[in-house]
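In order of appearance the chains are A, B, C, D, E and F, and numbering begins at 1 in each one.
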Amino acid sequence: MKLIVAIIQPHQLPAVKKSLYEKQVYKITVSNVLGCGEEKGYQESFRGVQHEVDLLKKIRLEIAVNEDFVEPTIAAVVDGARTNTVGDGKIFIMDLQECIRIRTGERGNRAIG
Amino acid sequence: MKLIVAIIQPHQLPAVKKSLYEKQVYKITVSNVLGCGEEKGYQESFRGVQHEVDLLKKIRLEIAVNEDFVEPTIAAVVDGARTNTVGDGKIFIMDLQECIRIRTGERGNRAIG
Amino acid sequence: MKLIVAIIQPHQLPAVKKSLYEKQVYKITVSNVLGCGEEKGYQESFRGVQHEVDLLKKIRLEIAVNEDFVEPTIAAVVDGARTNTVGDGKIFIMDLQECIRIRTGERGNRAIG
Amino acid sequence: MKCLFFLFIFTLIFTMPVMAQDMNIGSVNALDTLWVLIAAFLVFFMQAGFGMVEAGLVRAKNAANILMKNMLDFCIASIGFFIFGYALMFGGNGALLGTYGWFLNGIKGPDGLPLYAFWIFQAAFCGTAATIVAGGMAERMKFTAYLLYSIVISAFIYPIIGHWIWGGGWLSNLNFHDFAGSTVVHVTGGFAALIGTILLKPRIGKFNPDGSPNFIAGHSMPLVALGVFILWLGWFGFNPGSTLGFGDPELVARVTINTNIAAASGAIAGMLLAWGKYGKPDLALTLNGALAGLVAITAPCAIVTPMIAILIGIIAGVLCIFGVRWLDLLKVDDPVGAVAVHGVNGIWGTVAVGLFGQAVLGAPRNGLLFGGGFTQLGIQALGVVSVILFVVGSMWIVFKTIDAMVGLRVSEKEELQGLDIGEHGMESYSGFEIFTTE
Amino acid sequence: MKCLFFLFIFTLIFTMPVMAQDMNIGSVNALDTLWVLIAAFLVFFMQAGFGMVEAGLVRAKNAANILMKNMLDFCIASIGFFIFGYALMFGGNGALLGTYGWFLNGIKGPDGLPLYAFWIFQAAFCGTAATIVAGGMAERMKFTAYLLYSIVISAFIYPIIGHWIWGGGWLSNLNFHDFAGSTVVHVTGGFAALIGTILLKPRIGKFNPDGSPNFIAGHSMPLVALGVFILWLGWFGFNPGSTLGFGDPELVARVTINTNIAAASGAIAGMLLAWGKYGKPDLALTLNGALAGLVAITAPCAIVTPMIAILIGIIAGVLCIFGVRWLDLLKVDDPVGAVAVHGVNGIWGTVAVGLFGQAVLGAPRNGLLFGGGFTQLGIQALGVVSVILFVVGSMWIVFKTIDAMVGLRVSEKEELQGLDIGEHGMESYSGFEIFTTE
Amino acid sequence: MKCLFFLFIFTLIFTMPVMAQDMNIGSVNALDTLWVLIAAFLVFFMQAGFGMVEAGLVRAKNAANILMKNMLDFCIASIGFFIFGYALMFGGNGALLGTYGWFLNGIKGPDGLPLYAFWIFQAAFCGTAATIVAGGMAERMKFTAYLLYSIVISAFIYPIIGHWIWGGGWLSNLNFHDFAGSTVVHVTGGFAALIGTILLKPRIGKFNPDGSPNFIAGHSMPLVALGVFILWLGWFGFNPGSTLGFGDPELVARVTINTNIAAASGAIAGMLLAWGKYGKPDLALTLNGALAGLVAITAPCAIVTPMIAILIGIIAGVLCIFGVRWLDLLKVDDPVGAVAVHGVNGIWGTVAVGLFGQAVLGAPRNGLLFGGGFTQLGIQALGVVSVILFVVGSMWIVFKTIDAMVGLRVSEKEELQGLDIGEHGMESYSGFEIFTTE
């Protein structure tokens, strides 16, 4: 099992959800993050004081999948999130040692989906 | 060392905290997430336009523990979070390679608690 | 590759960012979390009802780096975040199996930075 | 609900020719009318104040619901008080209720005021009484149940009590003195809220198994503070406007200073007491203290001096803090303090007339502390007790009936998720991340 | 913009000696002046109401931008209506426009009112017409474009229409009746918003490829509710103040009750209809319903009875809900319902005069349903159609010109990021975590 | 604090019989009284405006604290101005201070107004002066220190300055002209804020080691905008109400138009200048510009023409933007711009009387630019300098004393965590996720 963490542009979330659904990946966890990467920030000013904002709004997806779903999931995220502009985001993949469904106590592959 | 990530129903947090304390797990990190799983979403409407909400409010717990604490922690989370209804949540377990206490620079098992 | 997750005091974020930049770590993902650790909470009261707040505001940093950047990154975070008071935070290190840049599809070490 | 509407339209077409002739009755005083209209506008604006206070004191997930209730109860009061309420309140001198003037047909306003000007002032009061209850029953009462309740209180219950005291009914014949409505408006609203909140039971998670209350904080202090400022402003219409004219500028000025100074004293007293009791000056309780002062001065505002107003305000602030505490101890869950502010201090203000009233300032007779003996105090007590009994009794029946018809309380799931989503399918703060663990 | 300023300063120094002599013309009535001033204050306060409603109904990322637009359009209206607008509106009896009184020089107020008091009342109306458009074009219109638009509408377009109807122009000679501005203010604002929002095109993501509308929720329901309460309050200046004096207290009282009761009926009707259509009572649509009732009663408020006001309000609430729906079907994106509330119901209110007006209450002649035949109805229809044609035509030119000069719409990137950052380099809610996926 | 209360209660019982006789002195004018009362209500409502502006401009973690300060300073002003303030301000014609009328005992109002009506108007002004300071010292001043400061300024400092200028003191004998309080209220408040914020030192993180200012954004622009609209509304009571009657409707109307048009010009000028200087039109600075225009027109509003009001407003907007900048350069940390808005423009408005005043409009003599020479200008300068010296001197002592007694500033830990938690044990926005890195 793997845990796939993706950082994407907020406005690509609907597209990413759609392409994940098409690949039968239905279970995801989403959170709000701020990211600093290659993308250029912008200037804010308040009462005349300037400020360079370099932490930009991003969406973080967490998707736990079985091995055979890893590549389809990656493909789906890339598909939905890619606009070919700086700031499109990253995908990180980690090993997931165990997964437990709280409701039933099931573990492992059967618990993930 | 393991990193335990649990996604639970927001209103179960007090119960989960309580059962973790009972198992002497005091250190946790909590965040707000939105989850899409088996649980059914709900309809929103705004000025006559309908909208299906499938990202539901969830709480994400992150708990770093030593090996011998893994099972008690899992048990505590399940204990506190389980209501036997769809949407109770998931627990994910990953390997934690290193842990550092910023204040002292301590590393490893001694740093975790 | 490693994924470094650090939990720090919110008001140390500017210092941490600065010391990371000095070590040429430019890409980070930041989120808002609540932490419960050794640090003492505080009392709130509302309309005469008391309440002990033990989940304190913290910032969570996620930094994916290549192996040779691990120690410099840790050092930078510790450097920026340390005030020698309880609540300074923790750093967790996990193995990162894969990293993909969505824009280009690049993978691995080249995608990370 | 739909038939009510058709009823309107029908009656409307039927009565059209009649209506046109009602205009231009008698001679009216321009300055008095202007004053009453402006006062009515200010009292109307109190709806915004209540809306903001109550919305701010509930959790974010229930804010739209309470605002919707606030808006609708005023709308319903406007219609209900037009069709039934005014007639019940001012239609003749029956001891118990008025009997003519339905749809404002065949009835006049008081001397010197156009009927419609007097009506809008009274209708705004009626809306105030109705809206007090929204707060006490917040975060768990069904929206349809609330609409039904609103119709009943504004078209029937409030006007009947109003008739007793201001419309020529039995209490006004006894010289019961309630200048601007400590009893008529606030005791009525406060006790309707009390019986309602008892019947509804506490919110999920409000009380621990051991009976101790839990911390459920309001979601926006700026809204609460804004609401209190708006209410305070509105009270400058509520009390001074209750002179119903500007013939005696001294009187209006006295009412105004008393209103202001009682509010200030209530806030200060409430703050200091809460500070002493709980270790810190609590914004919500301080603001409740200001409102408590305002409620308490409402009955006696015309017939006491500013020094007495300060005293009344201080006691009001203190009573309010204790009231909030008592309810917690009794395990009655009143999320915004409607009972402590309006119920308890409505009583206190009414009783204060019997203690501090001065005949030289226009009281029916001197109060106990000005050598007038127990007579007025007794009348005041009789009045307030009668109103409480009537409100509690009638509202108990009303709420029980509504409960049987449509249910009073939302489901547990809906309560957890929030009434905004459950009742209205929307969020109050779309896009904002809100951390909620109840 | 800078030259405009220097123009001011120059004219100022030039005209200084003249100005001082303008004071103290004729005899004025104190009570009437006081009434008009207070009404003007209330109408001014409607700016806050519009600001809150519109800010609450847009997404958090565009809130500061819309507030800035609201604030600035009133400022610009204040200056523009001072320099040009008042003269165009009230400078003589030309059929099409006024011709003297620039900078309020050499012109008088109406009988009994100081010029400056009358001016502030009219200027507040002018600001209202201007600000309606901000909402309809929200979340994508460039700030500079909005400033330019504001100058044109408040200094030229609105005053010309005002002249036709209230300033002695051709429509007022035909006895077109628009007591407080259903046409002058609301049709003008509503149709300027309509043409503007059509030219701007919908917001990114508002319509799916298949043409169905998407859900884009407003970010703060408490602000919307507060705004509606403030607007309702302001309408007590808008309509009753349009008596321009207090000589007939009965009239003022009638206008007041009608205003209130139409708003209440509009809200209830809107709520019930939305409930029926969409399954839940929608706060935003209910509030729109209240505003629709207010807009509709604005023209006929003086010349109908309260029963008719209820009927007008109910129909307004219904029209508003359908209006919102129609625009969605037509793929016109009006984020706050400016067209449905002000445009549609401005027409309805104007037409209602021709249906329900009663000569005995002061209408030029009886309406259709009171046996007056089609005459007044025809005049009302002529008036409202003329105004719509003029507004749509002139504003089309204005918006096209602005588009050519500075561009009407912000870039796609800016729209996604939010106009607060793009246009003003700031966030409305600094520090708050806001989840946005559009 | 408790003994103060017992003092009240004691005095109260002691003076009871006396008070009742004070009523019904002389003949009063109803219309004037009505006007002054309504104006007082509007000025009272400015507290809400200040509360919203200041709360919106600070960070979310300090919002409840500043609202609590706003609420309490008005409450304290109500009591303090009742016991001491009114007597010091209006108790006789001493050059420096009034000497009788404690507890409003044995003193009258001005001709034609009930004492209590005049008092409430004056008390609302007093509260305004007090509340200005909350903003300048925001986000770090201890709550208890603020309470002590409030007592002193509203019971003593403000009334003494008021006496000099409006109460028959030495400046009024010199014909110093400050129609509605540019100096009395705004210079007093603004300079008390200046000395306070200097003594407090800047907020943690406001200035970098190199002295450059850091970005600390306010947390809610909608609250700020709402607050400015409310303040603008309130100013229609502040300035026009300062006629203290409605005998001269032309005068009231002139004051009103000038107030409005100066605010509009200030906002436009502020916006354009900020746009030019910083690249984008800044909402907070634009709103500050509007307030600056209002503050500046406060002294000369009665004695200039609207053209001059525009000029005064433009200069005010410009001065405000520069004022904000200057303070940043001087490393004085004034979170809401209290000094730039009230202090700087209070001076400007006062001086403007000496430049643009016209005797024909009621100025003591023509100003410099109307051929009156330097006399009035000199008097105005003398007045404003004296007040500044007195305020700075006395407040320096007051703040130093308070610092020694209870400490002026909260601990560093509390400042980081926020004063809402530290001082009041609560959060303003319970449940909202707020990202804060200071």
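The definition used in the following text is that a contact is a pair of C-beta atoms (placed from the backbone, for glycine too) under 8 Å apart; a residue touches a chain by one contact, two chains touch by 3 or more.
Note that the structure is predicted; figures quoted are calculated from it, not measured.
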**Message:** Show me the overlap between the contact partners of chain A and those of chain F.
**Reply:** C, E
**Message:** For the interfaces C-D and E-F, which has the higher count of C-beta pairs in contact?
**Reply:** E-F
**Asked** What's the call on chain D versus chain E, same or different interface residues, using the half cut on shared numbers?
**Response** different
**Request:** With chain centres taken as the means of their Cα atoms, state the distance from chain B to chain E in Å.
**Result:** 51
**Item:** Centre distance in Å when chain A and chain B are each reduced to the mean of their C-alpha atoms
**Value:** 18
**Request:** Going through chain D residue by residue, note those that touch at least 2 other chains and give them in order.
**Result:** 31, 34, 38, 217-218, 220, 226, 278-280, 282, 284, 425-427, 429-430, 432-436
**Prompt:** If you look at chain B, which of its residues touch at least two other chains?
**Reply:** 31-32, 34, 43-46, 94-95
**Prompt:** Which chain pairs here would you call touching?
**Reply:** A-B, A-C, A-E, A-F, B-C, B-D, B-E, C-D, C-F, D-E, D-F, E-F
**Asked** Given the complex with chain B, which residues does chain E contribute to the contact?
**Response** 213-218, 274, 277-280, 282, 284-285, 288, 321, 324-325, 328, 337, 435
**Item:** Residue numbers on chain A that touch chain B, as the complex places them
**Value:** 3, 17, 26-32, 62, 64, 94-103, 105, 111-112
**Message:** Under the stated contact criterion, what part of chain E meets chain F in this complex?
**Reply:** 1-2, 5, 8-9, 11-12, 15-16, 19-20, 22-24, 28-31, 33-34, 37-38, 40-41, 44-45, 47-48, 51-52, 55-56, 63-64, 67-68, 70-72, 74-76, 78-79, 82, 103-104, 114-117, 119-120, 123, 143, 220, 223, 226, 420, 423-433
**Message:** Could you list, by residue number, the parts of chain E that touch chain A in their complex?
**Reply:** 416-417, 421, 425-427, 430, 433-438
**Item:** chain A contact footprint on chain B (complex, rising order)
**Value:** 2, 5-8, 31-38, 55, 58, 60, 74, 77-78, 81-95
